[in-house]
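In what comes next, subunit A is part of two complexes: it sits with subunit B in the first one and with subunit C in the second one.
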Partner chain A sequence: MALVQLPGMVGRELGSSEGLRVVELNIGAQHPASGHMRLIVYLDGDVIVRVDPDIGYVHRTVEKLAEGREYVRIISLVERMTIIDACNVTLPYVEAVERLLGVEPPPRARYLRTILCEVNRIASHLYGLGIGGIFLNHSTMYMWAFGDREVFIHLASLLTGSRLTHTYPVFGGVRRDLPQVFREEFEKAKRYMLRRLREYDKVFFNNPVIRGRLEGVGVMTAKQAVALGATGPNLRASGVRYDARMTGYAAYGELDFEPVVGSEGDALERVWVRLREIEASLELIDRALRGLPEGPFMAEKFTKTVPPAVRHWLGKGRLKLPGSYVRLKTRPGEVLGRGEMGRGEITYYLVSDGGMKPYRLRIVTPSARNVVLFDALARGHTLMDLPAIYGSIDYFPPEADR
Partner chain B sequence: MDPLAWLASALGLPRWALRAVAAPLVYPGLLTFMAVALFVIWAERKMAARVQMRVGPLYVSRRLGGALQLLADGIRFAFQEIIVPVGAEKWSFILSPILAFTVASLAFTMVPGGPGVYGFRSSLSLIAAYAILSLVPILVIIMGWASNNKFTYIGAGREALVAVTGEATLLASMLAAAMMYGSMDFVSIVEEQARSHVPGIVANPVAALLFFIAALLVTDRVPFDLVMGEQEIVQGPYTEYTGILYALVMALDYLKLYVLMLMFTHLFLAGWAPFSDPLLGSVWVFAKTLALMLFAVFLRSVYGRMRLDQVASMFWSRLFPLALTAFALSALIHPVYAQP
Partner chain C sequence: MLERSVDRRRGGHRSRPNVVKAHLDAIATAAKRLLEPPITLPYPDYMEARPPGYRGVILFHYEKCIGCSLCAQICPARAIKMYRVPGDKRLRPGYNVGRCIFCGLCVDICPVDALSESLVHDKVYEDVPSMDMDPVDWALWSRRVMDEERSPEKPLLRARLDPERGIVYEEAQPASSGGEG
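What follows is the complex of A and B.
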């Protein structure tokens, strides 16, 4: 590849200046395949010499808003960052606050959280695969993935009562117990999804056109992936065996969790890791359902505060918490929450001064870490490879912008 | 009585003049094309919808399964404001899609629609039809240039590459067919096939396949839809178009597909044979053309888009040599069709 040296700040004039071979192309913010962001691409002929991701179009000041809210209200705030992955995005926060509160969730609650997290992960991966499909103009993969995602949204709505923003894990446990119909519905969903995954392999993954687009594109070595701070399936596709679930939060420590690890580090491998993680998640849910312990789904500390008038709901697997739950005060201190979302590891750094609201809540989302990959992976590839790389790293602007 | 002859005598025009007007405007020309586009685009969306677990167009004319959706879209385009970008080369921008559409539909004067249904009969009608069609990319490049937009520039560049790449193979496979029949006249090509009872696709399947694949490339069908390339370059050279001009440029590829599939029917599927009645023969040609078009648009539900360099290397290093082989093969097959 012939690298063109870019002189300092010539950005805006590139197209018209004499003697310069580089064209500046603004992909986005209004572009069919940019998402809520802008990619400023510098092209030498058809070859990309630099990509500047211009982020921040969907910044919603989540961190600042969190400083003005009570702890429990922050749960439904932070899940707005990634509503398609709502349990995974809130769980590390809930666990962090639980540590400050000194509350231990009962085992059943930990298992139920794991189940919803994995259902969300499958839905999130299907979303990513669908977007990855349409980036290569493979409309069938797009429609199939989004259609099949509905199955897992249905499972989530059975468990939590809502399709996307579940606010399911709360301090001390979960909002609702497992409904009886869930096991049966999950069995159906698992059979269906395993069959569909074989069809995905046939139509998308092993499609010669798609293979040609993805194979050897955007290769990231293990060393490079670690140096860039890539996370999630992108990191594992490069052969790094790291997954925040290996720390054993929720019930992962008891389920013999084993991450899916690739080796090649190209776009095809990243798609492959997502496809295999869907299988692994189905297996994990199966294991969690079989090993699901009996007992309460909410910590004793909070169930005894339930007013007598609505106490009968507890027997039906529902929970009506009193207003005092909003006014919880934590002990002062700092705590770090980590968890694996569909797109990678999310980190919460929570500072409490002992009040009802956090002093500071710092959030690092997986997409915010993966944004560096645009420039690192796209250099030296042609313009047509950019959508393939974008689709394969499964970047989600609302999550990155927070 | 022959309706064409009757009309000619009623209008006091010579028959050839009426033919030359009726072929590009009525059948197989624009009026038929309107119906074809309406049906094929609807069928394309319905087929893709069936594969993709959707319903496709439905709400416009519910009883017809949404068949009039495209008509509704067309009416909407007709009333939409045509916006000419400030930096655009105004007249080139406005005239090039109109000219491109007109030029493409002139090909119907050369390609017959059935036995005795043609604009002009010439001993060079095959090469003339091809020559007319190969003018269209030049106008598309003008569109991209006149729009004065980076995406349209890149799209115009892609159109240039696609035209050169695709048409080399297309022409080679077309000449392979001409060599095989020993003629460049569509009518005698079909008659040769009818006489020997061997359709061209059986005699030289390689040329037929290559013609079809190259036709997919020059008409911008998936998996070779590089010019439109939505995920990279928005709508390629057509990005800045609005209103009825947009409808024209969108229909352009379908028009080219229609002409090329009509040519495929004559070259490789024995045209109207075994019918010799103008009406029955025309219906038979039309049905085959439509079936080919439906297959071409169905590929959208199976494939994604191939990368530019892969398409170029596939065509130049594999398909074009293969087309030359098919040309050589035709020399061997020629005795099948040669006059006794």
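What follows is the complex of A and C.
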């Protein structure tokens, strides 16, 4: 069996089938771009016959670990599936547990959660655009997107005190109130980003080289997208009007949320949806800041038992927890939590037997659903189209592997 | 086999820019950026001044602790363990900074402000065992971290946003996390 050597790739000849010479190629022995995984590509000449994504390199048994931990300690565990999108990944879990506990977060907390979710979404899309850019050897887009992502990480760290793993929504509310500087800093970030998006259009989206690489590549029709279970911007780029935010969780129900929907379903359209969603998120944060209700940021149920010695922190916009928070007991039951992350819909299915730890926590992440797209979209394309397809579906292995 | 099913003339919201103009636009936009200063922090010659409320390494104030062990119970990373200290009737927390994920939940649940978050994040340790501190070590180490906050080894730069340039770094004065609560 002959070995085939290409820069950065190893393949072997599988012999011929039906008169075609088929080569098996390993792309990215461990880390092709966005995380640890491998694509095994079967090629007939330059044409892709099949793609087998080899996943599981970063499987951390998150679901099983959750069964051995108290509810509050699970928040920072599930956060580790997608640290670059931390509020979006934890919020549906927190809301699911809240339903079992029977606590309602105050309106101000719901708005603050929405603000951080949208800041995270912008950062996540910029991350995806940057990786998508370097896939096409467009290092300008890579550097720009990662540099501009820093702006939104800065905003998040002003609000939460942490750059990436915020652990911000907790049962009953959020952990910090909006700091004074946030509105002013966001105003600047918005003006800056809107101007940058025009530049992104020029340097990337309308760049004839990028158009040539992305247009008409990896086309997914609306019917196909639904049948494959694609989610997030990938689904909406095919013209399906669905976004978990339409269910109106957090404060989305009050902010006249409208999803960004594309039509063509090709790689360029998926990039377009992400670019327009950044704009839409800036607008949503703006609306949430203007409509931000006054009041507490944590449910009274928990704040009333905070020890008197540390109560003064609540007035300074910092949460203090009562001792009972570690050993919260939920009522027995089953709940479904869902929310829209940067990459698509995340679902938590939580079963409680009435104890301090979940009986079972099933998690389906957006990347876990989008992994099927590698094979479905790449078949029939040339090998050079594979990076374009990978970049456009914004696949994130740690999130898929859990 | 390579049928492309998209009709290239479609694409409602996608304008079809003139190819020559689009190339020139892309080059001009990227070239303009060349004239602007770099956006990176010149680390480690400078350190970043963390914003107020930043969640750095955790500081322990021994004299305030009542030994309730709530911090050890809530810690998601099991970075805090309770220790028996000679000459002390109560259990006291020790801290493994190598395990800590800086979530700050221990600070949130401590009923007496015996724990606080510092503004120091980047620390270097000579070996793994020196990251695992017993209560007395942790309290002494916390004092050194507070000194470091007040007089950092490297000059500080603080990030701020600018509507034209995005993130910019400015010279900043050392601030203290107000560790004593």
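The working rule: the second predicted complex is superposed on the first by the 377 of 402 C-alpha atoms of A that agree within 3 Å, B and C clash if a C-alpha of one lies under 4 Å from a C-alpha of the other, contacts with A are read in each partner's own complex, and residues count from 1 in each chain.
By definition in this document, a contact is a pair of C-beta atoms (placed from the backbone, for glycine too) under 8 Å apart; a residue touches a chain by one contact, two chains touch by 3 or more.
Computed from a prediction, not measured in an experiment: that's the story for all the values here.
Contact comparison for subunit A: of subunit B and subunit C, C touches the greater number of residues. Of the two partner chains, subunit B and subunit C are each touched by A:Val203.
Contacts of A:Pro32 after superposition: subunit B is touched, whereas subunit C is not reached.
Touch criterion met: A:Leu158 reaches subunit C, while subunit B stays clear of it. In the superposition on chain A, A:Met384 makes contact with subunit B only, not with subunit C.
In the superposed model, A:Gly147 makes contact with both subunit B and subunit C.
In the superposition on chain A, the residues of subunit A contacting both subunit B and subunit C are 140, 144, 147, 203, 207, 209, 382.
Against subunit A, the residues of subunit B that register as touching in their complex are 48, 51-54, 150-151, 154, 222-223, 225, 229-234, 300-310.
Taken in their complex, subunit A has these residues touching subunit C: 47, 69-70, 72-77, 140, 144, 147-148, 150-151, 154-155, 157-158, 160-162, 165, 167, 175-176, 179, 185, 187-189, 191-192, 195-196, 199, 202-204, 206-209, 211, 215-216, 219, 221, 262-266, 268, 272, 307, 309-310, 318-321, 323, 325-327, 380-382.
Residues 1-6, 8, 10-15, 17, 19, 22-23, 25-26, 28-30, 33, 39, 51-55, 68, 70, 73-77, 101-105, 108-113, 117, 159-167 of subunit C are the ones that touch subunit A when the two sit in their complex. Interface residues of subunit A facing subunit B in the complex, by the touch rule stated above, are 15, 23, 25, 31-33, 46, 133-144, 147, 203, 207, 209-210, 212-213, 382-387.
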